[in-house]
Amino acid sequence: MSTHAAAQAHAGHDQHGSGHDHHAHSSWWRTYVFSTDHKTIGIQYTITALCFLAFGFGLMLIMRWQLAYPSDPIPLIGGLLGKSLVESGVLTGQGYNALGAMHGTIMVFMAIVPLAVGGFGNYVVPLMVGAQDMAFPRLNMASYWVFLPGGLIMLASFFMPGGPAASGWTSYPPLSNIATMGQTAWLIGMIFLITSSLLGSVNFIVTIVQLRAPGLSMFRLPFFVWAQFVTAFLLLLAFPPLEAAGVLQLMDRVAGTSFFMPQGLVVSQKLHEAVGGGSPLLWQHLFWFLAHPEVYVLILPALGIVSEVIAANTRKPLWGYKSLVYAALFLGFMSFIVWAHHMFMTGMGTTLSTFFQITTMIISIPSVIVLTALIISYHGASIRYSVPMLFATAFLPMFAIGGLTGLPLGLTASDIHLHDTYYVIGHFHYVVAPGTIFAMFAGIYHWFPKVTGRMMNRTLGLIHFWFSFIFINGVFMPMFFMGMAGALRRQYDPEAQLHAETVQGLSRMVSYSAWCLAAVQIPFVINFFRSIWSGQPASQNPWQATTLEWAAPSPPPHGNFAQVPTVHCGPYEYSVPGERRDFCPQFEAREA
Amino acid sequence: MNGAPYGRWLPWNASEHGGQIDSLIDVIHWFMLILFVGWGIFFVYCLVRFRQKPGRNAAYELPKGAASKYAEVGVAIFEGFLLFGLSVPLWSRYKTAPPPPEKRMDVTAIGEQFAWNFHYPGKDGKYGRLDPTLISSSNLLGLDKDGDPAAEDDIVSPELHVPLNQDVYVRIRSKDVIHSFAIPAMRVKQDAVPGMEVPVWFKPTRSSDEFREAMAREYSLDQPTPLFNKKKAGLILMEDYPASGEPVAHKGDALVNATVEKLLAAGIKTVRAAPRATMEVVCAQLCGMNHYSMKAPLFVDTPEQFEAWKTAQSAEIEIDLE
Amino acid sequence: MSLKAFHIVFVITAAVFGLGLGAWAVREYRADGSTASLIIAIGAFAGTAILIPYGVWFLRKLRHVSYV
Amino acid sequence: MSASIEIPCDITPHPVTGMYNGKFGVWLFLASEVMLFGALFSSYILLRVGAPEAGPLAWPDYRTNHLNVPLATVNTMVLILSSVTVVFAWYYLQLHKFAAARACLLATIGLALVFMVIKYFEYSHKFHDGLYPSTHNFYAVYFTLTGLHGLHVLGGIIVFAYLVGPGAAMWKYNPAKFTNRIECAGLYWHFVDLVWIFLFPSIYLL
Amino acid sequence: MSFATPEDARKHRNIYLAVLVALAVLTGVTVLVAQMHFLSTPMAVAVALLVACIKGGLVASFFMHLISEKTTLYGILVICVVFFFVLLLLPLATEFTNVST
């Protein structure tokens, strides 16, 4: 900064024309559609992501019909689906693969990441750091408006000749290189989604580092903010390689290059025209370089939400706050050097496989630390079983199952049998479905009063929680046994193979559970919409929590706080001895 | 090890190294169970004991963390043991010590959408040249029978036959996309990456006959439901029928419609039958629309059966040549 | 890192690159004697010869500008 | 309700990081760009090392790859020069010499356009010779990497065109912020030039 | 950071000049090694890489360290560089230690 610029700096606080419109004078479009307010953008992200979540779930329900009753026509909607998916009401093999690929892609890139980072992150992080908005409000808006077209391109691929991408969410070439047009749409959509994440992550990091309220040092940040901080770094550094890979695959498909095509491919007894010289494994490296950190992108915000909910409802400080933070940082760092454990079966030698096994075992340690810290936080507590607390509590054992079942997959020898079986499906779904999605529900119930100024209904919430908890285990627990028996994933006909035929009963049970799980989301939807309009009005701090978002009115106005709060203490000062109340908010000064 | 080969937990293991993989899986799962139950007991205790009650506040002082430290260190040590004690040596043995060429049965498995083909070097022990430009629907691998003398006695088969108790060395390749050569019963899995040739090896220790005995079931022939739908395709008889007198159907006969009619005509309504193929080579990596149907039967033959099969295959080749 | 600092890093990298390119072109010229290589060599060394004093001059000229 | 939002460190540097928001943001963006080009370089190395020694798939070296080194050398100099003009635009803005700064920015745009024109001739010459991305993986790498770099240059041209055109109005009411914007654009521009400095030897000379 | 005194400034400038000279010399070494052919190709590459690392280190430690006391950005950039090399080298290493016939 030059001396001149420094001299100018203080005079230059005129915000005119810098995009921060005065709320009162803004048009409807600027307020609700092309808004630069982080709260509006957060809500936009949340609603969009919830729609995608429901859509991705719906795709799975259709696939589940085929898996329960192979080759039976799909009831009700079988006739409505396009030619690319069904034939005379029966899902085709191509259609099954397409639904599978789109289920994975939609859930990971268009539902959970936008919900966890775009939704919760956008809404809560600036509030929690005591900022009036994100550091770059217009960039924030751009991030949403890049995300949406990406999602729409993905959806549009359902109407393309040949249907949407059908090469799995991993899109391994050469299969994806020789696939139909839907794959091109998938690639273009992904490039949009990645760009959106990059814009968002820059914004998050700058906001968290630069915009903290006075007194809010890094180690006074709530764990949720730390989790978002690490997540943003993962998005920032892990996503570009997939963008590069996407560009290369796009070149392969559009310009006829051979980045991923080796020489002499014979497809359907015909020599393929690609000149060759490429490496199919290159894609896997670039893809998993992203996709393993992506796992932590899915899980870290969830851990953050759960920590907030647990701290507020156990009425005591989180156990081991600093070790939680260090564990999250360490997780983030390590997640970049474990990716090839997804590739053990490609013919990896002993040296490198040992390296990746070691890093994989090492990365399990911080996860154990986080889980232990959260569980010990219950000791000596005064647990208030609110609906968000129930979801957060259920998250812990579910995440534990998901984490533990990663062990046999991370060791090469046991991976030989379990690789690409239903065991893998069970494993990662336990992490993201009863894990992350339960945490998302906890977050929705927890911050709903802040966002709308109204509480959600407890009875409906309890119904939603208990039945979801039962059925979601009914969906994923049998998968471990199916995988043990050797049933492979991505099988259109579940009975085609000897070892899978014997566990078909379990597969049918999974399907029933999945449909029931869908049914018990109805109370949630009713609760969500009814509470927006007619829920019981909420106070500014209904959970009597300590973090900064509760210093703002519910719902917070444009600019968030009446005046920027000053922070006086750490994030989880609950049940401090000698205090009048059992919580000491960060934004209130204590006497003496 | 009784009951059916394929059931709710691990399938029967039919290979020499598979037992070690199974015990590793078992050890890990016991470890997981103990850890989870341990956590669970503490967790449930906390959930009940520390629920909100009027007049009781939460403790601000944090519980001492020694126990958790021990638990974490314990977990880390055990993971280290799993890693360096079990997994790495197993993988290293499995991946770096191929059976010597003179002791092994050598075969190449070539994946394509959506089938496996197996290329045996034949009597001379040499693989014939494969030329992608020669590939056609009658020459699936593009074997150069005219140009390469080593190719003359080569066997190309859609079935994988391996001899019992002998090392099998499989070179895995792919013609088009990535497949994965997987035999659940042998605890074998290896991706078939186009442009690469990666070997795996295993030693079958259980024969197909043994599997078949265990899988044999009573089948009722006069049921109105079709017996030969895709699930039960490939059944063969396990005994001669009728057992006494002149049999109309022999052990090993395929249970096709003609056989069933003959048996029903002879007044036989139930038979013991089992699948002909009791083990399968499947594809474990998504390879396109018919990925699920990409499988090949695997037969673990006794040495006599294996020789007989090879002779029969060579005879076919000679017929071809004429 | 300010633009000034980045510019210095950039100039150094560019100078190093210029030397490398010059050396490469000299080797080429030795190998096949083509005029193009000679011109590139001269150009690269000349570029470097300009860049280094430029860097020093730049440092001196922007002395009062912060590095942050 | 506050009438307008004040974002801290929008213009003045943060006491701990020493950067204002924009500069920090640009650096983070550049970090992600490093990973993007890192992945592409990684692919390049992998394909090159994995290529066979002989035959049609053998990797061409600088003697056989038909790339025009003199033209690329000129292009390199053009880019280096454009970095110099950018840094001086920023320098003149700090001295409140707007006209000189604008001249520098225009020169930057001009040099960037020269780069693009030379690139265009290079590309069309390749196409004319029947060398397409699909011809060989070397050309695939060449076109993809230089093409992506070209897109970055194009992006830079658009940014500078905005800053020298409609965006320049900010100089009147918020010169400090405008100066910062030029610095951010300059950081990006330096990075783009730096990528070229690495691209040039690794594609043209090896 | 700005210089307190003219002396200070001169001292820093001298350091920069020294680093510039060192960088130039090291580049010369690289060229020399490449020209002389007294090392095998892998060795030459190794030496070239080593020299490049030293050069990078010089730039990072002198220029960057002197540039600012603020470490936030450099921490981020260092992480980025670490992952850059991970991305560059690990796939390569994996490819070349594959089990194959």
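We just call them A, B, C, D and E in the order they show up, numbering each chain from 1.
Assume contacts are C-beta pairs under 8 Å (C-beta built on N, C-alpha and C of every residue); 3 or more make two chains touch, one makes a residue touch a chain.
In this text, all values refer to a predicted model and were calculated from it rather than measured experimentally.
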Set of chains whose contacts include both chain B and chain A: E
Chain located farthest away, centre of chain B as origin (C-alpha): C
Chain with minimal offset from the mean of all protein Cα atoms: A
Winner on C-beta contact pairs when C-E is weighed against B-E: C-E
Chain C and chain D: spacing of chain centres that average the CA atoms, whole Å: 18
Intercentroid distance (Cα basis), chain D paired with chain A, Å: 33
Separation of chain B from chain C, taking each centre as the mean of its C-alpha atoms, in whole Å: 63
Length of the line joining the C-alpha centres of chain B and chain D, rounded to whole Å: 53
Multi-partner residues of chain B (each touching 2 or more other chains): 95-96, 196, 198
Contacts with two or more other chains, residues of chain D listed in rising order: 13, 16-19, 24, 27-28, 31, 35, 38-39, 42, 46, 50, 94
Multi-chain contact sites of chain C, meaning residues that touch two or more partners: 1-2, 13, 20, 64-66, 68
Chain A-facing residues of chain D, complex: 1-14, 16-17, 19-22, 24-25, 28-29, 31-33, 35-40, 42-43, 46-47, 50-51, 56-57, 94-96, 132-137, 140, 143-144, 148, 169-170, 173-177, 179-180
Partner chain E, residues of chain A touching it in the complex: 209, 233, 237, 241, 279, 281-282, 285-286, 289, 333, 336-337, 340, 343, 346-352
Residue ranges of chain D in contact with chain C within the complex: 13, 18-19, 23, 27, 69-70, 73, 76-77, 80, 83-84, 86-87, 90-91, 94, 183, 186-187, 190, 193-194, 197, 200-201, 205
Interface residues, chain E side, partner chain A - complex: 72, 79-80, 83, 86-87, 90-91, 93-95, 97-100
Chain E to chain B touching residues, read off their complex: 98-101
